[in-house]
Every structure is written in structure tokens, then in C-alpha cells.
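Input: structures, listed below.
Consider the two complexes below, in which chain A is the common component and chain B and chain C are the respective partners.
And now, the complex of A and B:
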């Protein structure tokens, strides 16, 4: 059983090669594994947008950068698409300056697609991208009192708020002007900004998978009302919206990657056990 | 005076910030028509952020400038760092601004893909480290491995294929949800409360001048 003992020391190159194949192959040739919709996390986010009236304003936050785009990008795009289809107006801020432009690019892409379909997603009327403003949580607190002043009355593109019709309805960031907050977060600053300074607001979160356990207590306590959890959250939202996209496509790859990790753990333990037994004998 | 002035300032600013949150009239107190005291303080924080960035720029230049001058190991990377840092800043400041094509192209075609690549490599590192570290040595490691397997399978479509969420106990997903919602949430909250209590104690020590290490060596 010498070969079983060798499982304790598999060449890392094989680990990497098989992982690469496990991730790439399902993307090129999707398997189509079933995706279950999570009633406690994803559905409340979807129902929140469904419950809003055309013309209502919601605020979104891009608190991530390129590293988390794979998970949070599809979430952001699906959620934004849903808002535009429902006629809900979106004002986006960005707690991360490194993700500011990325968020805009993602939304602009969706807006162009929707415009081509004949759904209104006009910049300045249906959505505004305020972007990153330096000052940290103190500035976010100030936005509640005087949104225009705190943002120096300009969006990320340098447009004056005076020239953006949507912004005339949003001078203060309070519960009357905004019907909720959707924060896409990948670290710090992130969710605590809202649970601390916006405790009475309807807060929803799009989170990277590794942070989901850390956010579950806020969901249980009612501090946040809904949670899109990593790539599965994005895929579920795409299915709820009946527009399967990038996240649905990537779910098979994630399954195969996880499967390989589990196989590795089992193989490693078989090798470890056989080696220990041989040593004892 | 070198110690006393910063301590008194720290105490006053902590008290002021505390009062802003606790006393509603103070939050809305106007120093003159249409301008609140809080908005002025908020802008001063923004200004400090920008100054902090400027200080970081100077410090980074000094540290890497020294590395280049003394030809320390890997000094060539310091040269590259300074070229990229100042080059990108100059491009944004003087050549069409942050919306110019070259500036946005560098962000879209270099920064974002590099960032994604760095994060994607985690898949390989996690596979390799899980293989090496997840060895069943005692009861605790067995529990940890079983929970990890259930959570992983509960998160992906494959788990649904093996044990459906519509079957007994809600399948892998049902058990994963229970792990996340009950034991995990309870421990996360306990950790959170511990962190906040520690933070409050630390803030109180700084505000009252009991903690002086942040002042550095002033003697």
C-alpha cells in the first residue's frame, strides 16, 4: 500500500493543474447544475425592489475593488438591472476609491443594454453615480444632513448636481428621500458604516462569500434585511429576475473547484492515515 | 506642552464627536446661516484625509528614494514603484483628468485585471493549503472538517445534486443555513461585542490621556 502513502505528499503542480482545469472547463462547457434560491437571504432583496414604486429612490454603495468583481460584479449588475426595469431610481456612492470607476463601468454596461432593449436607464434621470468622496464615515454621516454639500455638488464624472434632474430630489439622505440602501461590500470600510450610522434605514447587503459568516448575525438581528451571499447570491438574483447571466454560468466552475478541494482533503487524509499506520508498525 | 496640547485636543475632539451623536440640537447647530458646525468638522476630516495622502506620498518617496540611492536589494522595484506612482498621478492631474482615455484605460486594462488575478490565485492557495492542513488528528479537527464539507456543499450547486434542499433536514443547504444562522451568528456576535468593548476601552484611554503611545517619542 505504498502508493496510498504517497497521497500524503501530492506534487503541488498536480493540485494547481487540476484546480485550473476544474475551473476553466465548466466555464467553457457549462454542466447546468441546479441552483436553489435562498428564501432567507436572496429573496428579501428581490422582494424589496419588487415592493417599490416607480420613481422611488434607493442608494447603492460600491465598497469593493477588482479583486471581488467576480462575485460582486454580477450581484451589482443584476440588482441595478432590476431597479431600472421596475423604474426605481438609483444613486450610487462608493466607499472604496479603488472600485469607484469599476462600479461605474459595470453599471454603464447594464444601462446601455437596457437602453438598447427600450428600457429607460438614462444617466442623471434614472441613475447617478456620485462615486467616492474622501472623508470616511464622518463624511457619510454628513451626507445624511446635507448630501449635496458633502459631495461638493458633483458626481464622479464631474457633472454638477444642478444639471442632474434626479439629484434635485435628493438633497438630504434620509428615510423619506431614500427607500433603502444596498451596499456591495468586500471589506473595510463596508457594512459597519451603515449599521452604525444608518441604523433605522432599510439596509441590504451584497457580500463576498468569505464575509457571509461575519454578516449573518446582523441578518439574524434584523440590522440588515437581506443578503446576497457571494457568487451564489448573484446567480440566484439573476434567476429570480429571469435573466441568467455571468453568475449562473460561473456556478458550475465554483462547484467543481469546491469538489476538487474536498477530494484533496480526503486524499490527504488517506495518505496521512496510511503513513501513520506504517510508522506505528 | 508637547504632550499636554495633543492630549487636551484629543479629549476635546472626542467629546465633541460624542456630543454630535448624543445631542440632536448640537448636530444641527449652525455657526452661520445654512452652515452647521458638524459640516465644518466633516470637511476638516476630508482635508485631513487628503493631507494624509500627501504625507504618504512624501514618505513613500523618501523611503524608496533612500533604497535607490543606497542601491539596496531589489532597488529596481523601488524605481518602478516611483515611476508608476508619479506617472499615474501626473497623467490624471495634467493630461485630460481622470476621465481621459489613457487614465481610464490603465485602470480598466491593468489595475482591475491585476487585482482580480491576485484574488483569483486564492483558489489555488486554498486548495493547496486545505490539502496540507486539513489532517484528522483529533476530535476537534474531525468536527472542523465535517462542518467545512457541509458548508462548502451547501454553498454550491453540487451539494444540491447530492442531497437536495427539499429532502430530509433541508439537505446540505439546510444544515449549512443552521450552522451559519445559529452557532456561527452567536459566536460572531460574541466576538463583535468583545471587539467593541475593547475599542471603547481603548478610545476612553486615549481620550483621557492614559494612553500616550500614539504621541510617539516627544522627550
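And now, the complex of A and C:
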């Protein structure tokens, strides 16, 4: 079985090409595979926003950059849409300077869509994008005591907090003024900022898939209350909102990609086994 | 995005993925452009949204002059590029930052860890908790480097602990694969819809 042994030494570029082809087709022609909504991770995030009253304020964090937009972008947009539909006010900070502009662009796109649909998503009234501020966890700690001072009273666009009505209700970041935190994280700094410096707050997380196994213990221990896990998390949230979007469209391709990887792992191991046996003989 | 912006983004995406074939100038150009853009963007942004408002609002208008002191202290970081006899000045802001950082970290970091340690102690009243408890013990026993290494019992439980960790690593790898595919799919959908105009 020479060809099976050769599988162990296949040129990676063939793998990439076949992978690309196997992903293109489901994107162009979705198969419609089932998406199961996770009761322990995704649903608590959705229920949290559902439980809030119009006018309540939540804080979101863009702790990712363009490299993770594929996973966290759909999550962020669905969550923001949900907040606006429910009348929940959103104040966004950004732990990553490399992703702050990207986060704003994603939210602005949703806000424009909502305004066109007749749902209020006015900047300064319904949401404010404070963006990145340098200083790391030290500054995040200071935000709890004096949010305005820590942020130099300026949002990402250069607007003074004085001119933004929503910010007048948010002078400091405590449990009374904020009804929870939703952090979209892709690495460091990320979730530990909140589990360390905001341990008594209601913390929810949108995570890249790579980090999900590491975040599951924080969910189990109650340090976070809900978790959107990678692209499937975004797709599940879109379904809960009854508005299938980008994440749902890409889930078929994701499943096909997994299938191809599984086939490769099995074939690679068979090749490895055959080669080892031939060597032993 | 305008048509030109979409073309730039698409060509940069293709340049990045060209690395899969082999290292090449297109990939290098995309890589260096990204680094340069991030750096210049951040410097400009921070100056306008942070340094300038802090200086004007607080230091000048509210006369909180300690902001100027801290600003000067921060500038001392650049003393490492000064003539050798002045380079020692850079140690003071570093000392301050390291001291504050360590103090703050030591004071607050244990709590999240202890929360998880406390959560590990659960009543054995469900299959999940029993499985967790057994896995917890055997994985810990794998890390007994000093006591009981000669014991067949510790060796056996350590071996089971290793298998359990391998399952954990497999889960992490599976999620990594999932994440990488998601990122590629995002770029793929951009290329297909925004660049090539195919509706999906």
C-alpha cells in the first residue's frame, strides 16, 4: 500500500488547495446544515440582554483586531443589534488599539441599518464608542473610579463627553451604572482584565474559538456568565435574534472544512502507521 | 468601502495568502505595510485622543500640573537613545512602571485563580462532577515530580492523567482549526462578495 505510506509525506500545498476548494463551494451554495444553539454558552448572553430594561447601560469591549474579525465581527454586530432593539444603551471601550477603528466601523454599519429600519441607534444617545485608551489594566481600574477622567473626556472620534448625552449617565464605571460587561476578546489583554479587576461584575464574553477551551473553566466557575464561542457562537446569536446573517451563511463551509481536516488526520495517521510497520518489518 | 479600497484590501489579502506557496516579495510588502500603518495610526490617534486632551483639559485649563510631571517622566524613556552619560535617566520611568505593575498585579491576580480552585471542590452528586473530580486528581498526580514516583499507583494515575490532558489538547487543537477556518472564511466571503461581486 505505497500510496497510503505516501500520505505521510504529502505536499502541504495540495492540502491548502483542496481545503480552499472545499470551502468555496459551500459558501457559494450553502447546504443548510443544522446549527444547534448551545444552552450553556450562547443562550445566557441572549437572556442577559433580554432581561435588561430600556435605558440600561452595558459596556462592550473590542479586544481584537482585524485578524479575528471573521469570528468576532458577527458576534459583535448581532449583540449590538440586540441591544439597540431592546433599547439598551451601549458604551464601547477597546483594549486593543489595533482593532478600535474596525470595531467602530462594524457598529456604525449596524447602526445605519437599524436607523433605516426605524430603530433608534443614534450616536451619543444610544451608543458611544470611547475606543482605545493607553495605560492597560491600570487605566481600566481608574475607569471604575472616574470614567471621564481616565478617558480624557474624549471618545474615539474626538467628541467631548460633555456633548454626548449618554455619557452624562456614566461618570464612573460601577455596578450601578453598568448592567454588565460584554468583552469580545482574541488574546491578551482580554478576559483576565475583567476577571481580575471587575470580579464582582456581570461578565459575558465573545471569544475566538482558539481560546474557548481555556475560557470554559471561567464559565464553569461562574467568573463569566455566558460565552459566545467563535463563528458558531455568532451564528447561534443570529438565529436567536431571528436574523440569519454572515455567520450563519459561513457555517456550512466551516463544517465542510472540519470534515476535510478529519479526513486528513485519519489518512495521515494511517500513512504514519503503514510507514512505521514497513520500517519495523 | 470605495472600489479602490476594496481592490487594495483584496490584493493585500491575496498577498498574505501567497505565503502559503512560499515566501515572496508581495507577502513582504503586505507585512511591512501593515506594521507601518498600525504604528503611524496609533501615534496619530493617541496624540489627538489622549495626549492632547490630557494636556489641554487637565494640565493647562485645570492646572493639574502633576500631569506635566508624569509626561516628562514618560519622555525620559527616550533617554536610552541619548548620549551614554544620560541613559540612566530611562531607568526611573521603568522602575515606576514595573513597581506599580507588580504591586497591582500581586494584589489582585490571586483572586481569579482562587475562585477556580474553590470551584474545583464540588459535591459528588452528578456524573459531571464525579468525572471532573477523577480527572482533576489524576492530572494532578501526573505532576508529582518528587513524591511517590516509584509507586505503581502514582505511575498509573499519572499515565491516565496524561491521556486526559491529551484529550484537552485535542480539544484546544480542534478549536484552533475551527478558528483558523473561520478567519479564512471571512476573507473568502470578502473576496467573493465585495471584490468579485458574487452574492452569497
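Quick note on the criterion: the second predicted complex is superposed on the first by the 281 of 281 C-alpha atoms of A that agree within 3 Å, B and C clash if a C-alpha of one lies under 4 Å from a C-alpha of the other, contacts with A are read in each partner's own complex, and residues count from 1 in each chain.
The definition used in the following text is that contacts are C-beta pairs under 8 Å (C-beta built on N, C-alpha and C of every residue); 3 or more make two chains touch, one makes a residue touch a chain.
Source: prediction; values computed, not measured.
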Chain B versus chain C as contact partner of A:51, first or second or both or neither: neither
What is the contact status of A:142 with respect to chain B (first) and chain C (second): first, second, both, or neither? first
Looking at A:213, would you say it contacts chain B, chain C, both, or neither? Reply first, second, both or neither. both
According to the stated criteria, A:23 is in contact with first (chain B), second (chain C), both, or neither; which is it? both
Partner chain(s) touched by A:257 [first = chain B, second = chain C, both, neither]: both
Pick one for A:246: touches chain B only (first), chain C only (second), both, or neither. second
Applying the document's definition of touch, where does A:269 land relative to chain B and chain C: first, second, both, or neither? first
In the overlaid three-chain picture, which partner chain does A:112 touch, first (chain B) or second (chain C), both, or neither? neither
So in the superposed three-chain picture, is A:13 touching just chain B, just chain C, both, or none of them (first/second/both/neither)? second
Following superposition on chain A, which residues of chain A contact chain B and also contact chain C? 12, 16, 20, 23, 67-70, 98, 101, 133-134, 138, 141, 149, 158, 209, 212-214, 217, 220-221, 230, 232, 254, 257-258, 261
Tell me, which parts of chain A touch chain B in their complex? 10, 12, 15-16, 19-20, 23, 33-36, 38, 40, 65-70, 98, 101-102, 105, 133-136, 138-139, 141-142, 145-146, 149-150, 157-158, 209, 212-214, 216-217, 219-221, 229-230, 232, 251-252, 254-262, 264-265, 267-269, 272-273
Spell out the part of chain A that touches chain C in their complex, as residue ranges. 12-13, 16, 20, 23-24, 27-28, 30, 67-71, 73, 97-98, 100-101, 131-134, 137-138, 141, 149, 152-156, 158, 192, 195-197, 199, 208-214, 217-218, 220-223, 230-232, 246, 249-250, 253-254, 257-258, 261
Quick check on the complex: what are the chain C residues that touch chain A? 20-21, 38, 41-42, 45-46, 48-50, 53-54, 57-58, 100-101, 104, 108-109, 111-112, 115-116, 118-119, 168, 171-172, 175-179, 181-189, 192, 198, 200
Of all residues in chain B, which touch chain A in the complex? 27-28, 36, 38-39, 41-43, 45-46, 49-50, 53, 97, 99, 104, 107-108, 111-116, 118-120, 123-124, 126-128, 130-132, 134-136, 145, 149, 152-153, 155-158, 160-161, 165, 173, 177, 180-181, 184-186, 188-189, 192
